[in-house]
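In the two complexes below, chain A is the common chain; its partner is chain B in one and chain C in the other.
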Partner chain A sequence: MTDAAPAVRAAGAAEPEEVEGVEAVGGLWADGWAQLRRRPLFWVSSALIVVLLLMALFPSLFTSVDPRAADLSLSGADPSPDAIFGRDLQGRDIYARAIHGAAPTLTVGLLASLGTVVVGAIAGLVAGFRSGWSDGLISRIAEIFAGLPFILGGIVILTTFNRPGQIVGEVRIVTQVVLTIVVLSWPLAMRIMRAAALEATQQDYVKAARALGAGPWRIVTRHILPNTLAPVLVFATIQFGVFIGAEAALSFLGIGLRDPVVSWGVMISEAQERVADIPQSLFFPAAFLVVAVLAFVMLGDAVRDAFDPRGR
Partner chain B sequence: MGRYTLRRLLQLVPVFLGTTFIVYFLVWGLSDDPFAGKCGQRACSASYVAEMTQRYNLDDPLIVQYLKYLGSLLTGDFGQTFSGTEVSTLIANAYPITIKLALVAVAIEAVIGIAAGVLTGLRGRGFVDNLVLVSTLVLIALPVFVTGLVLRQVLGVELGWIRPSVPNNPTIGQLFIPGLVLGSLSMAYIARLTRTSLVENKRADFVRTAVAKGLPRRRVVGVHMLRNSLIPVVTFLGYDIGALMGGAILTEGVFNIRGIGGLVFRGIQQQDTATVVGIVALLVIVFLLANLIVDLLYAVLDPRIRYD
Partner chain C sequence: MTGPGEHLLEVDDLRVEFGRGRDTASVLNGVSYHVDAGETLAVLGESGSGKSVTAQTIMGILDTPPGRVTGGAVRFRGEELLGADEERRRLLRGESMAMIFQDALSALNPVYSVGFQIAEQFRFRRGMSRRDAMKRAAEMLDMVRIPNATQRVREYPHQFSGGMRQRAMIAMSLALDPELLIADEPTTALDVTVQAQIMELLDELRRERGMGLILITHDLGVVAEVADRIAVMYAGRIVEHADAATLYARPGHPYTRGLMDSVPRVDDVAGAALRPIPGLPPSLSAIPNGCPFHPRCAYAQDVCTDEVPPLRALGNGHQAACHFAERFVAQGPDRPETQEVVGR
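Up next is the complex of A and B:
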């Protein structure tokens, strides 16, 4: 939960090392960081993400109300000093629920983008570096999973493992949603990594390393990986936002996270039947969701502009 | 070109087999009791179980079941639901609506997206450019179901401009708002793609030559710049048609459109496995073929690209 902006962290961490290794004034990372610092979009999105992280880690900073405490006599109450966003159908405080909804949503987004990147990057590295039959095999497997439309695949997988209406624990459902997203999304990361690895393998410095007698492990970890990481990390940042939306979409269909878990998707799903009577129960979680996705997509945009040399 | 097409078609075969097998395995292979809850509170009668076991070859090992299913699928037989309706009839009723919706969505996103992209791409940095950039960001961040729920509530229930629930045989006009919702995400991508591609081509040699020749600006922009800049946009639109034909589950759910998305969702909720597998197989074929056609079209549109 602490590593909200993987690309930015990695940029900061990799900076000194790269500067040493390259003769020029700054490597790709240092250069990109310098570009990034000048973008207002980057600072706005980072600020939003920090607030969201605080919300997820320390919800008690924002509210002391129990998000699951229901008072049916207050069902659908309008916003008031008592509950500033009003109350939902069950009489629960929408503000408290929206704050507590940050943690599961961001957990799913973080784990899903980490999983996608790790699986996709390893598969892409192997495919791009080894080429030959292992490339063919991995590419075909990736095509099979890419052939499944996301929502459709998600519905099939999640309903297979949980019957509709079945009550499941919090950890189990979060794990299932994360794994579903990873299984359906890794081909994208794999393609990006494969293309980058194919390109890097042809470079002179890789040939030089090979001529010096470096083994495949050393070539991959020391030469190819550092030069192919940027596009995958940019992808991960944008996907973080996309996966938050995907989690909400699955929850909206009633197959993702569900009731004991408080998440924005769950809140929107519960609100949809009574939009006319209790509009605030749709509006506030939706607003939180949009702002969160927007923050990560904006950050990804800024990071891409800074780290993708072709875009300059 | 012919050899390339053939190779791509051959590559589709393992992908199709893999995808359909995964789905078949998930819906048939992993359920311990396919008859759970099928006959209300009671256990199913022996004759019903026997008939269904025979209809779906449930006694065979999974792989044999799958091959038998595949065999009948290839002869155009999608099988029957548990209640005996032909799955192909269900698809034939629902699919035209989904196709209509997808085409409406693509038309809307193409018109608005390209217009916005051209507007900002030609003007360069400025107020309009920033405005479009921010709106595309917001469109990307807005989940489809949120846009759908809000528009249904505001336009349908409060203002009464549209019907909140789309009727059985919808006209193009009734599908306009659902199409707008469905296409909103891609609209943002198209606007950005058009803009980037125009800005790139603005400095290209052939544009400079065209200006130097003294061609009117209208012709430089319309013929030389747009035709070249729209190639990636057209390919994106092609992929999108393929994707939207299988991805309209959320929009169809919000606006209660009786298309293929609703059908597959109900099929899963009622555990009507035959419907689910049949529709997924169909959608996968549509998706893969759409991608193939787009790749071929790419070479037709841009003579610089040669497959072989």
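Up next is the complex of A and C:
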């Protein structure tokens, strides 16, 4: 998936420089937006993400079929005008389920990426900028969490809150899965941020900013954070895909999202039992997953290029 | 504004150490100098002589740890800075004293346009709107003679050439009209022709604004034309201090002579070997007893290994820290034979 991004970017680079008239002179964000605006990669990925978001927010725009309506007499039916993606083992409409699966999947992916990056970035920024004992303390705590194996940690945390097989509400299980992922993954983001912050703190421009009377808060927000954002943004977009996969893995173990919640991860797990007989039950949710992950990776790529002027 | 007998900036017996315990390096061992408004003081010395550490201590941007001020005073307009609280010092930086760095590319933040970085000061310290601040930033770029300032104000540091970047850096430091500018090797990273332009610019700005300028360099050629006074540093001490003309005409310390001799001159015979100072500067964690320069000094006597020569007045504001300073001064700038000077 990540391989596809550079190829698309090359096409974007060939675009002729736009001659600009009088443009508002801005800081990092305004200039970044001006750059972003001219990238086809940005528009393609944004369009895909808008469609996915519509799917998640208003599934009724795409289908009026109940994703939970099962008709066992139609079990494993091939694609037909009646159900364009065919039907799964339980005879449920795969198209309707894939559409309805967008919301929980994207919610888990987005919230987990966001949570990981926010927690990890703040911890890493403090550790890298303050150094000394705060760095030591934060790094040791991060090592403890990083030492927990993901699946084992997930099993321990999730089974503590729910008995295996227990039917739980959608909001509750989504929150639990997101928190589990964040708790087990923030050290990665923290390390990336800490390394970047350590490097940026040593730069002459930080010293120069201090020499001109900038306070610590302005140094961190104006000088260190923007120079450390690129690696964390890339990490977040890649992790988005990884977290959707992690959600599927937890679902497969019966401790993550589960019936009656419909997510792509749940659908993929269910499909594994009879994949040879009913390939469409694996193929379509997997295709949705791939497109979603690709869209976010491409967006991340475009954003990184736009906000890092060294690459312009 | 400066009271009688009060200098714009006065550094008095400044002592700084790095590290702790057995690894302690004495980086500054009692540095004293002063600058008045409208005056250029050049601080000359090899790498590791403590020139930059002195500057960073004055500005209050020395990294502590590993650095540690162990003694002395820094007075700005009579106000003691080393004991002042951090907020007071922060307000002085930029407003009253500013500093420019050797490598302007790394001293400018790569993610912001040059104009934005200059404008930031007007916005945060003067409360100007973004638009007005950008306009002022363009004026600053124009003042340091960057052509097309109104367009270039929106460009990024990597789009500027080396000389232009240093000009932008100067514009940024002078935005708030500081009374003291410290230039830490401002021309070292530039080619010779650009060096001259930057020095000329700094000299002009100093004259126009009547600000004090501390010019830190290891290049005698750079300071010759612009410095009013020169302080020569070696191993964390001032070893000679004089007005520029006196220093060039009658250097009183063999180290100063060595520096002057090691610069190739136009009237040197073609193919003549350069005359470098033999040896290396001492390790700051093991500064030799006596005169710190004695292991490298061609004129060293027994007294040099035993006694630290104090910085002595030689008249006319000329000071040198050498036991035989008077004889060197009498000799003039040409290379004396050992016997002639110290008379074995």
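Observations
Heads up, the rule we're going with is that the second predicted complex is superposed on the first by the 233 of 312 C-alpha atoms of A that agree within 3 Å, B and C clash if a C-alpha of one lies under 4 Å from a C-alpha of the other, contacts with A are read in each partner's own complex, and residues count from 1 in each chain.
By definition in this document, a contact is a pair of C-beta atoms (placed from the backbone, for glycine too) under 8 Å apart; a residue touches a chain by one contact, two chains touch by 3 or more.
These figures come from a predicted structure and were not determined experimentally.
Once the two complexes are overlaid on the shared chain, A:Pro40 sits clear of chain B and of chain C alike. Contacts of A:Pro81 after superposition: neither chain B nor chain C is touched. In the superposition on chain A, A:Ala211 contacts chain C only, with no contact to chain B. In the superposed pair of complexes, A:Phe252 makes contact with chain B only, with no contact to chain C. Of the two partner chains placed by superposition, only chain C is touched by A:Gln203; chain B is not. When the two complexes are superposed on chain A, none of the residues of chain A touches both chain B and chain C. Across the complex, chain A is touched by residues 11, 14-16, 18-19, 22-23, 26-27, 30-31, 137-138, 140-146, 149-150, 153, 157, 243, 246-247, 249-250, 253-254, 264-265, 268-269, 276, 280, 283-284, 287-288 of chain B. Residue ranges on chain A touching chain B, taken from their complex, read 140-141, 143-144, 147-152, 155-157, 159-161, 164, 241, 245, 248-249, 252-253, 268, 272, 275-276, 279, 282, 286, 289-291, 293-294, 297-298, 301. The touching residues of chain A, counted against chain C in their complex, run 25-28, 31, 203-205, 207-215, 218, 222-223, 226-227, 307-310, 312. The residues of chain C lying in touch with chain A in their complex are 59, 61, 90-95, 98-99, 101, 103, 106-113, 115-116, 120-121, 124-125, 134, 153-154, 156, 158, 169, 172-173, 176.
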